[in-house]
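To start, I am sharing the structure in question, which I have written as structure tokens.
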Amino acid sequence: MKKNLLIRLTGLGLAVITAMGMTACEPKTPEGPGGTASAEYTKPDSIKMTFDTCMTFENGLQDVCDEYKNQTGITLEVEKPDHNKYYEKITLAFASGTPSDAIEMGSTYYPENANNGALWDMTDAWENTTAPAKSVVDPSYVDALKIDIRDGNGPRLYGFPTVAGNGTVTYVRQDWMDQMGIKTPETYDEFIGMLRTFKEKGKPGTIPLTAAGLLNNGETPYDIYLREFYQDAIPDFYQKDDGTWVDGFSEPAMEAALTRLHDAFAEGLIDGEIVTNKTSTCRDKVNAGLVGCFNYWAGMWCAKLEDATTGTDPNAKFTALPIIKEAGHYTERVPTALVITNNCANPVGVFEDLIMYSHDGDKGQMLFTHGVVDKHYTDNGDGTCTALPYYEDPTKLCEKAFYAPELSISTWNDPIALDPRVEESLKVFRENRTFATVPVVSDVISENLANLNVVKGEVVANVLHGNISVEEGMAKYNKDAGKYVEAILADLNG
Amino acid sequence: MATNTDAIVVKKPPLSVRIYKYRYFYLMAVPVIVLLLLFFYWPMLGIRFAFSTYKLKHITSGKGPDYSTGLGNFKALFTDRFFLDSFRNTIALSFWNLVFATVFTVVVALLINELQHEWGKKFVQTVLYLPHFLSWVVVASIFTLLLSAGADATGSDPTTVGFINAVFLKLGLIDKPHSFLTETSTWRPCWYIIQRWKETGWGTIIYLAALSGISPDLYEAAEIDGAGRLKQTWYITLPSLMNTILIVFILNLAKILNVFESVFVLYNDLVLSVSDVVQTYTYRKGIQGNDYGYATAIGLFKSVISLFLVTGADYVAKKIRGYGIV
Amino acid sequence: MSTKFSFQKGYRARAVFVILNTIFFIFMMICMIVPIIKILSDSLMNHTVYGMQLIPDEFNPIAYSYIFTRDSLRRPLVISIYTTIMTTFLGLLISTIGAYILIQREMPGVKVFGYMLMFTMIFNGGLIPTFLVMKKLKLLNTLWAVILPMALNVSNLVLMRSFFEGLPTSLFEAAEIDGCTPIGTFIKIVLPLSKAALASIGLFFAVAAWSEYFHYVMYISDTTKYNFQYKLRDLFADKQEAMEGIQINLKTLQSAAIIVSIVPFMFIYPFCQKYFMTGITMGAVKE
């Protein structure tokens, strides 16, 4: 060995890279029309859509697309990437310059792309449309997606809600409450009293309350799982009435919330494994009949949790609790958006013939919600319909094609009746919710937020476990997170 | 295995003659080189993103990376306390894991080799390597159950206490359930043990294959010389395995900074200070930041460190044995 | 190499060792198998049990019949088998060729070739550039995008080389004298003598291909081309829709899918293992 191996290896690698020259992998610049819109437009021949939360192809997604072609004459090509890597796939599609015309986007990804100018501004299209959807859709859901990207144009719309954002409610074992003679808790003390009774009178191994983590794994809203304990504390940045942004985590309300969490945990009322719980662990515990209270999605999950739990405990019955007085509200997340990319050649056409059509309160909506007649549901001829079994599982009825029917954003009379348990849990949720706002995004925030969330997570978990006191926790937060908070607040208020 | 041909003074034939002699080998190398260039070297052009700001907005708006950053990504990295902590943790976790892996796996392989019963040997190996097939998510859920201190934080209700705590309590080793995976003092040992549980059996395969290559003549000769079993292992088996041990060690060294999934599924807010590794740090930053340039910079940094480690190890190997693995 | 098992003097130490060794492996096996039994037990109970219950309280193979009767799970099994066979075959081909070249110490350029290989173990281009290359090569949505990058595995190639280095050089010289071309020597001498290496490294390729998930997610959008591991991950995805169309208990189905993904290798390994028993040199002497 005459030469140093290190130099050789590096030199060789660089040589090869250089030799391969400027065969660059840079993406092409997308071309697309701007945000002008009118009621007149040309009908697109075909639309490509990327969707995450739709029916699988095995259960007849292609039949839905075929029926769409049948009804509108437009070829609909749907891509359904893996759920776990959904956003990586979309990024890759953008990077290679070939994103779909329409893409389903969650509330974390949507504002960032709206900010970046990747999405078609559909504000005017929505203002000017004459489609039936205009009169059927509840505008509060549409407004929830408006974003002010601080370009002087005020809040604009870059995506249309597919379904309501929905949120979580606190489910409780109604059968236990009945059996132990507990009435529905209305205050924090009554709520804690209920948990205490579960612990004392329940069978050995009872977990009064469980949740998958303390701060919703760093996803906003952070406080949804433990609303009863956070109450008026907001462990996130929020905008005061006068328009200035403040950090809710460093406010006194947070100290009180941490004290409540610590006390309840020390008393054994909160799952001892809350820090290590995954959502699936919680569901396992609930389905094994061990858990009294579990904060989880409103709607379908009421029935799903109950059905899965009756396998172990035939009497199991779940009810959604109205929110206690001190906590004030559950939170409805920002709805998932269906966006049109700037790469789309005919955005107005896609807006009218895909998005508006899918919310028309009529056969378009029926197709996007329930699928194809005689394949996914049958028409009873008396104005009602009945869902048919899934292709793949004759024992279970079709739930949805693209949009979950129970979360519809329009005043549409679903001809297929909902499971009463689902309806009831949604009713409780909707009576107790407030709408979350689209999270603000900026470079400063995205650079600092991850580290800030780490500090928050460490503080809450350590206070909960009693490793440090509430005061020490707040001091640690101010010391470790101070600079991130400062940078973000300066950016937000600047 | 004498490759030290430089020492022997033989006049080499001219290059063209040597190339002609090996013409068939060049032909055979073509498919390998084609794959190498297409799937490995061509994408490497992307390493230049490390010197750019390349965020979601550059991608979705089609503008492409912004190279005005220069070394900005690296500067940001080295001033980030969380990155530096995660880097230290990665080195500590991976290094000890590599040491335990090498020692434990070789010992288990040697012991398996000593099993006399053919059928028993097969059975033991098959059982031992099964855990390799479980994904980390599954392994984590099982061990979180096993190591749990129970869902009752007061420790008075033992119903949901995990198996290991239950055994330790019964043996009187501890007086109250310990939550092994949420205490900073116990998280790392647990992680090492879980790693060994999952990968030891699988790791023995390569050594067992290598053991089968040792000539029985060597043992016979040793036996005639009166060497006992232990001596045979020490003077024949281990030296014969040394080549494989070194190669496996260096190959693993190249991947030392890539530890991710095993930590990701087992770490939590309480033990972050001892468990956060570079990849989990990148993951968290990635979710919020979507800064591809920054992620590439971290990747490049890791690669450079690996390059030093591998070349260093190779150099040491060369000093000891006279030839390296590269 | 067998030794008499006896407690007589001279054999005593060996006997004690054999007993301790056996106890050690019984302990190891219990540690390894208990969690697997738990999964097996979970897969047979169509309701969720929390904790380490090892004996099922019902015997309900519904999850298994579900896996083998649903197209969405049966077809991925076929894809898995196909890609596993292809990757193993191509992978062994590439590794043996590469390793055979690498042991030609005097071949001009062989060192450069070695460094080129090693370099890719340490440096990589990252997600986006690799995707764009796949796109340019028109491999997106084909199984080649999964098979080809996996077929060139530098670690396996280097391990293969270490086995080849153990082959006696006299054999190559003899073959050359007999007038064998390098390709002839490779096929007639090297491969037959490397059964243990081929078995173990083939197993590495097979298992890697069987458990591959990432390449499918990134390069394939056609849902008919996903493998079993992909579906397995899909079952574990914590999403609201995870239970779409699944009427049986999710936990039961997950457990059954894990068992199905392990079982093939429980049978393949003992088969591969028989090649570990015949030593390289022994084989050479016999033939």
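Labels for the chains are A, B and C, by order of writing; each one numbers its residues from 1.
Please note the rule applied: a contact is a pair of C-beta atoms (placed from the backbone, for glycine too) under 8 Å apart; a residue touches a chain by one contact, two chains touch by 3 or more.
What you see is a predicted model, and the numbers here were worked out from it, not measured in a lab.
Centroid distances built from C-alpha atoms place A farthest away from subunit B.
Inter-chain contacts peak for the pair B-C, counting C-beta pairs in contact.
Between subunit B and subunit C the centroid-to-centroid distance comes to 16 Å (mean Cα coordinates, whole Å). Subunit C has its Cα centroid 38 Å from the Cα centroid of subunit A.
Residue positions of subunit C touching 2 or more other chains, listed in rising order: 50-51, 115-116, 118, 123, 128-129, 132-133, 233, 236.
Contact with two or more other chains is made by residues 41-47, 59, 160, 307, 326 of subunit B. Shown for subunit A are the residues in touch with two or more other chains, namely 9, 13, 16, 25, 27, 91, 95, 278, 280, 285, 290.
Subunit C meets subunit A in the complex at residues 46-51, 70-72, 112, 115-116, 118-119, 123, 127-129, 131-133, 135, 216-218, 221, 223-224, 230, 233-234, 236-241, 243-247, 249-251. In the complex of the two chains, the subunit A residues touching subunit C come out as 8-9, 12-13, 16, 25, 27, 53, 55-59, 79-85, 88-89, 91-92, 95-96, 278-280, 283-285, 287-288, 290, 297, 300-301, 304, 308-309, 311-312, 390, 392-393, 395-396, 398-399. On the subunit B side of its complex with subunit A, the touching residues are 37, 41-47, 55-57, 59-65, 76, 80, 82, 141, 144, 148-154, 156-157, 159-160, 179, 181-182, 268-270, 272-273, 276, 284-285, 287-291, 307-308, 311, 314-315, 318, 324, 326.
Remark: subunit B residues 1, 3, 5, 15, 18-19, 22, 24-25, 28-29, 31-33, 35-36, 38-47, 49, 59, 108, 111-112, 114-116, 118, 122, 124-135, 137-139, 142, 145-146, 160, 162-163, 197, 201, 205-206, 208-217, 219, 229, 243-244, 247-248, 251, 254-255, 292, 295-296, 299-300, 303, 306-307, 310, 325-326 touch subunit C in the complex.
Residue ranges on subunit A touching subunit B, taken from their complex, read 1, 5-6, 9-10, 13, 16-17, 20, 23-30, 91, 94-95, 97, 99, 112-113, 115-118, 204-207, 210, 214, 218, 265-268, 270-273, 275-276, 278, 280-281, 285, 290, 341, 443, 446-447, 449-451, 453-454, 457-458, 460-462, 465, 467.
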